[in-house]
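Notes to accompany the following structure.
Chain IDs A, B, C, D, E and F follow the sequence of writing; residue 1 opens each chain.
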Amino acid sequence: MDQPRYRPTDAMTSPRFVGIRTFMRLPYLPQPRDVDVVVVGIPFDTGATFRVGGRFGPAAIREHSLLLRPYHPALDVDLFEHLSAVDAGDIDVVPGFIEDSYQRIERGLAELLDSSGAVPVMLGGDHSIALPDLRVLQRRHGPIALVHFDAHLDTWDQYWGHKYTHGTPFRRAVEEGLLDTAHSIQVGIRGPLYGPQDMQGSRDLGFEIITTPEVHERGAEWAAQQIVARVGDRPAYISWDIDCVDPAFAPGTGTPEVGGFSSWQAQQLLRGLAGVNLIGFEVIEVMPQYDGPGGITSLLAANLCWEFLALLALRRKQAAGLAASAQADDQRG
Amino acid sequence: MDQPRYRPTDAMTSPRFVGIRTFMRLPYLPQPRDVDVVVVGIPFDTGATFRVGGRFGPAAIREHSLLLRPYHPALDVDLFEHLSAVDAGDIDVVPGFIEDSYQRIERGLAELLDSSGAVPVMLGGDHSIALPDLRVLQRRHGPIALVHFDAHLDTWDQYWGHKYTHGTPFRRAVEEGLLDTAHSIQVGIRGPLYGPQDMQGSRDLGFEIITTPEVHERGAEWAAQQIVARVGDRPAYISWDIDCVDPAFAPGTGTPEVGGFSSWQAQQLLRGLAGVNLIGFEVIEVMPQYDGPGGITSLLAANLCWEFLALLALRRKQAAGLAASAQADDQRG
Amino acid sequence: MDQPRYRPTDAMTSPRFVGIRTFMRLPYLPQPRDVDVVVVGIPFDTGATFRVGGRFGPAAIREHSLLLRPYHPALDVDLFEHLSAVDAGDIDVVPGFIEDSYQRIERGLAELLDSSGAVPVMLGGDHSIALPDLRVLQRRHGPIALVHFDAHLDTWDQYWGHKYTHGTPFRRAVEEGLLDTAHSIQVGIRGPLYGPQDMQGSRDLGFEIITTPEVHERGAEWAAQQIVARVGDRPAYISWDIDCVDPAFAPGTGTPEVGGFSSWQAQQLLRGLAGVNLIGFEVIEVMPQYDGPGGITSLLAANLCWEFLALLALRRKQAAGLAASAQADDQRG
Amino acid sequence: MDQPRYRPTDAMTSPRFVGIRTFMRLPYLPQPRDVDVVVVGIPFDTGATFRVGGRFGPAAIREHSLLLRPYHPALDVDLFEHLSAVDAGDIDVVPGFIEDSYQRIERGLAELLDSSGAVPVMLGGDHSIALPDLRVLQRRHGPIALVHFDAHLDTWDQYWGHKYTHGTPFRRAVEEGLLDTAHSIQVGIRGPLYGPQDMQGSRDLGFEIITTPEVHERGAEWAAQQIVARVGDRPAYISWDIDCVDPAFAPGTGTPEVGGFSSWQAQQLLRGLAGVNLIGFEVIEVMPQYDGPGGITSLLAANLCWEFLALLALRRKQAAGLAASAQADDQRG
Amino acid sequence: MDQPRYRPTDAMTSPRFVGIRTFMRLPYLPQPRDVDVVVVGIPFDTGATFRVGGRFGPAAIREHSLLLRPYHPALDVDLFEHLSAVDAGDIDVVPGFIEDSYQRIERGLAELLDSSGAVPVMLGGDHSIALPDLRVLQRRHGPIALVHFDAHLDTWDQYWGHKYTHGTPFRRAVEEGLLDTAHSIQVGIRGPLYGPQDMQGSRDLGFEIITTPEVHERGAEWAAQQIVARVGDRPAYISWDIDCVDPAFAPGTGTPEVGGFSSWQAQQLLRGLAGVNLIGFEVIEVMPQYDGPGGITSLLAANLCWEFLALLALRRKQAAGLAASAQADDQRG
Amino acid sequence: MDQPRYRPTDAMTSPRFVGIRTFMRLPYLPQPRDVDVVVVGIPFDTGATFRVGGRFGPAAIREHSLLLRPYHPALDVDLFEHLSAVDAGDIDVVPGFIEDSYQRIERGLAELLDSSGAVPVMLGGDHSIALPDLRVLQRRHGPIALVHFDAHLDTWDQYWGHKYTHGTPFRRAVEEGLLDTAHSIQVGIRGPLYGPQDMQGSRDLGFEIITTPEVHERGAEWAAQQIVARVGDRPAYISWDIDCVDPAFAPGTGTPEVGGFSSWQAQQLLRGLAGVNLIGFEVIEVMPQYDGPGGITSLLAANLCWEFLALLALRRKQAAGLAASAQADDQRG
């Protein structure tokens, strides 16, 4: 009950380039207890059908998270006033073997969440990890409202006769009953497809779709409002494929599509989700091998995790404010 | 009349990273007959006055075209339902010798178009190749309505006493009577100039000019409408210098200018040309040496070719629809 | 009065990749006299608290300034009709020793400005050089209206017990009375902070702040108007940290923040300052080590200097026009 | 019997940067008949236990094979006077699924060799492809004398409970009876191991081992002699892991080990094998993502294939010389 | 006495790309007790007089140490049978302030060594950290026999009036009485100098010098013998500047000099020191910003630390063997 | 007679990263008089038949020459005690037009040498510039003994019907009578050729050839002795194609060949030429676009120029020593 509150190393004591790399320089606790948020890497990339290398994504995102500071000025919230957070390291996977890895991811993630009671932030890896992630979360929360940011639908049925790849996790998730598709939405879809049946397939599964051209034309704030309306008060999970952002802003990924979001639009989309009941976040398909020397893709991915943490903190801050206000009312009452 | 229809290798049979690199994994046919579209590289870069290296542009564009799929969701058209297309490889050029290369390009391209009857998509190479390209096309179509996307005017008279460079092709083209300048337009002009006479020179040749700031302020859709109005029903050729796009989106080029289009604006500009009578397309000044490891410049160039193919396919689809509708009317009538 | 007018090498005589690298291929004069503008590098980067390497910034900016031509079409002004300009090379600094370097920068810059009478364009180097730059300029002009473009406030008090770093120059400048803060403004602030006290600290010093989200929402033209209103007719100095631009457009910097300006917004911000009484310009925090092979960060930095030169030239052109007009009136009168 | 002889495009007709990329610019024939050599890519990399990305190896090796000319001055042989050779493209693999891929590789390679009758040159891909390669070759030639150049033994038993990876192919090959280990040898072993049992394990399987330090100390010519003596007149297959070369000469690979061969030592090792009865060659573990912009790893890999072709050609030349000589003797006799 | 023995994560349990990056995947213990070896980063680079950026050296060396396995075949020793080792993270430094940083390094390192009793392996940082490193070690061991591998002498007196830089630490160390120069040696000196007084200055301080040309001509084994003879039985510290290796093998450094050692020569030099009484090791001047995507400089630096650990382990193994042998003799006796 | 002596900026006054980039930080004098050595760039690369981009070679070599110090310890000579040297900038060339450029190079170089009386050091550019360089030098010295270091012969007759390319300069030079082939030699030849006639062609022109394998086998010192013997006392010109060095040491070039010299062998080859009557030096085919971020190719090229300067200085030092000795003898006599 008196567990320590975990927060990043103070940059005023220790310069930000100093030390072992954890996300935001949070404490490294492989078996945390009683924390609010746990960041964990899942360096699995065998699901990739084109470029490959996301196994080095978690390390790269950590390396470029060093600059993140605790206060979010646009949302006016200090993340670590409201959240105790740690980096639990990575979950052991088995490169080359997806079903074996799925078992290990599920076991590792379940243990981590059971013992810590935390909201997870997952650093991928390719998008195939969404399936074990959702399996674990569904067991805790029931069917999940998925908020899926991506250039691609990832609801294809199979590739070359195989059911588990980075292009198929959400069809599997629907088949397994993990998702509340009536409250789920795919945002950022664009680029060449195999045919009109691709989008129809997602819609047949129950997903709403917002394409990137719609966001460009109607605005990211409009899109965020659509997401909020779709999700309602359900437990919502954000699965963020970095390729929903334009290759200019995120070149380090596996199946880039031109015409995507700017980093500002990405920020708007997340900031617009304030108030949603968020139960987890994953950022996937970061491949540092295809990033430039500035590491801007990993930097953006780290910032998106930070935006998610800010949403969590804001919700707690607002709840605390309401509670305090209610208590004050009671006392006055 | 029963020639085979050519389309890309099926990604569901063969993963997209497999095989000899052709554009979109189309069949490689150096001497195609009876096809609708032929993609051909023209790896000539001796016309470059600053950075050089576009001779490796065609290979890089092919490498980054692998991800392109056949269906265009925004235009609702499957490219290869309406187009039989091949990659004819590259035309032999002579590095270092522009007039000799011009002869070889003209001969090679004329043979290719005569034998195939196809609409050409040319992969440059520097912008000096526009002149032989236009010479061949003018012989087939008469004076051409040029739609020229570029940061630069490329209507200078000469460089250091020489008439043929990548900065002069369109003045030469006008002098040779290749263009219908009353229906031609230059879009995307921006950046430092030698003097006010530069733009005036283009206007004196008969070109309309839309600058990049105008597009930023009035919108890419407005600009596309201007282009459509300018071109009318003339046979139109699109010459796309990749540097009309901002260096953030297309760093791999020879004379980059800041303040350019985003990739989304580029898409809007092309998609807005639906219905125009397009007779060819070239994308030029891609230099992979200056691109990052993600290859985003080549990726964008490949996507622009794909947008062009979609415009062609859409026009055929619409024509077929009209024909079918007319036939139905006849049968009813 | 009969001093030579200095202008760049003519690209029509000598191709732009030829020759010793000076800014825009201006004459190299380490001890210029009677010139309008002097470009000078200050390759000092010991003030950096995260990534480091700005000591190679001046050379990189010069390398990528070669493409700049003399005429600005959007402002309709030929820079060198109105300005005689030179590159004075770099000021000797002492890497590793900030106070010693400050003395050398002050002495070197003061001598340069005293002997030349020129408006300076400084190529950094990290942001710690702003302090000696402002010391020298304040001695010439009195308290200065600072127009500070940056993702960061740079008004922190100290780092690890040290007063002089790249995060503290503007607090020091206020303490030393160098700034007219009532007419100073910080533009482009965004990204994670240590706490709400950071922005408040800047406001307490007297600065107005425009955040990046405000610019995204209300437009760069609006922001430029705010700046012009804030500065009024005071002598104004522009300190441009390249990280105010988004990492997609400027990856080569030390503390990048996502969600920043595009290069077009950067151009709009500067072009909107026409008419301001500008006394100097610095562009800082360019680190070519983190740029891609296309050098787009250095290219943008060079272009921003060019925009500044155009503003200077335009003001002189307009003054000359007014004078000519007045003279004409007199003659008519 | 009158089949065409295939050879590279003539660089004096067509510059070497022109055209669709095939190995050495050989004709692209996916289903060749009656050729002496077939080059084929096997872009499979799911077996990789550390870095991954060899699926782009074949394309990179082809890109950097363009410079290769037909005549080998050190061995005094024109490759294509004695060999008719083609590039058959790549074999379809299934990324993420090693056993399925093994089946496809075996089927594809067997068909290719059966129909063509050719000696194969395989472009990997990671080292796990050695197993299906050897399966096919053993069916044609019986147990094979393996000449294995590598920093690593690749005779481990399993990784994380899985038998098929890039670290285990040669143990599997021995278990399957594919190798004549009494005439097989591993050359270039070096670097950290798990324990002394690693090398002993290889020796227990029957392999001879020459470490890199031995080659440095006794010379590459000595090592080549040892190989020749070990192999004798058995059908020999060369499996060349590019990481047997030092990372300075081959940075673009997955598990680099310092202290390796120079490119000159690599050449000596291969040239010293003249006269051996060579039945195939594979170069594997080339990962262009980790190579520099000069592509020196792929260039070296392409050159090693060329050395192998020269050995084949030389053996034919010498056989032809002997036959001619014998015929002359007969005629004289 | 019953403290745990620390060793790397088992790669057979957890793939080597998994997890928080520590050196060789050793346990991360910022305050270790009773260990044999502690690896610690000192990310200080303000002493650099040319290129800068070694502050990111420790993270890069850790990233590229993942491949290292526990057994050294050439020396026949398993490192972690004889050594219990941890990674203690980095020591806090103050970028920009060398004397303040020296105090922090001395304090941090002394505490670490006092509490752990370990032999340190330091990951730099630039060469200026050698001075505080030696101060701490001299207090523990008395004057130290320095074995200095470097292209440069680093015994200059000052730069621009300043005594503490990366070019002066060993003159300072002699002045402070930290070194036993009669048993100290500088190996690998080469490249342009200011004048003949440079080498003479080192000799006047008491150092023996072996130049790189001497090593090339007489062999690395000869050089190692000279070092062993020079050092004798004194407590010896190895300071390894990565630039003693040729830029082909170690491009990622600050003042590269051509004509240097190969990685094999570097290995020979270290392996030849078996038996020396080694009290510590530092590898410095690794700058990942100047390395290629393969990270070969960091990889080599990590391997050199591993060679040092093997030397330590071998000495303990031999001591244990002698003790066991003596005990056996006693029992027999 | 009282002209100033020119030497590099003192690194003890001004750090080596400070200032406008000239070779070794020598004074920039476009029209020098009475100097011993002039460094001049010839940024022409239109002669390239494969990769292209040497026009940026001179700038890159200057950038990486900053580290060079004045004293050569292996030859024991201070370059600037014996040489007054300047950097004259670049000669204007016309990209794309080789014959026009040849005229400009000849005119520019002749003027420079006539006015300065200096020995030239030329920074290329591709190898086609050797022809105008030799034309100018032959007019001053008569037929020249060429010492040509290269992987390639560059004595082909033509490419695609054109006589002037980077593969043909030395055949042209022989035809024009510029060379004393009986005293000329080609060193470093290796790699694939078109046929045995290639080498025979060079020999028929009169050249001696030393291949790279011969140097590897017999030693660089032996090779240097062969060169000295071949050249005798004739005026000798060194043309150094950077690709004679292995791609590991010089990746940034246009037609790399594996199996080349190390940087140490390159140094040995030049140092072994002490005493030869050297009249000029060119280093060509440096392409920074293909170099890594460490710039090791340009660094090596700069060092080779420095070695040449040391040879010049040594000869003057020895001549001065002989003169002094003779004078002493006279005085004694």
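Simple rule for what comes next: contacts are C-beta pairs under 8 Å (C-beta built on N, C-alpha and C of every residue); 3 or more make two chains touch, one makes a residue touch a chain.
Keep in mind the model is a prediction, meaning the values are calculated, not measured.
The set of chains touching chain A and also touching chain C is given as B, E.
Of all residue numbers seen at the chain D-chain E contact, under half occur in both copies; the interface is built from largely non-matching residues. Chain centres here are means of the Cα atoms, and by that rule the chain farthest away from chain C is D. The best fit of Cα atoms from chain B onto chain D calls for a rotation angle of 180°, in steps of 5. Chain centres here are Cα means. That of chain D falls 39 Å from that of chain F. Mean C-alpha position of chain B lies 57 Å from that of chain E. For chain E, the set of residues that touch two or more other chains comprises 13, 15, 17, 49, 51, 55-56, 94-95, 159-160, 246, 248, 262, 289-290, 292-293.
Per the contact rule defined earlier, chains pair up in contact as A-B, A-C, A-D, A-E, B-C, B-D, B-F, C-E, C-F, D-E, D-F, E-F. Only residues 13-15, 17-22, 28, 41, 43, 55-56, 59, 62-63, 87, 89-95, 289, 293 of chain E touch chain A when the two sit together in their complex.
By the touch criterion stated above, chain F contacts chain B in their complex at residues 45-49, 51-53, 55-56, 94-98, 100, 159-162, 165, 289-290. By the touch criterion given at the top, residues 49-51, 159-160, 189-196, 198-199, 211-213, 216, 246-248, 251-253, 255-260, 262, 289-292 of chain B touch chain C in their complex. Within the complex, the chain E residues that touch chain D are 11-13, 15-17, 66-74, 76, 78, 246, 248-249, 262-264, 266-267, 292-296, 299-300, 303, 306.
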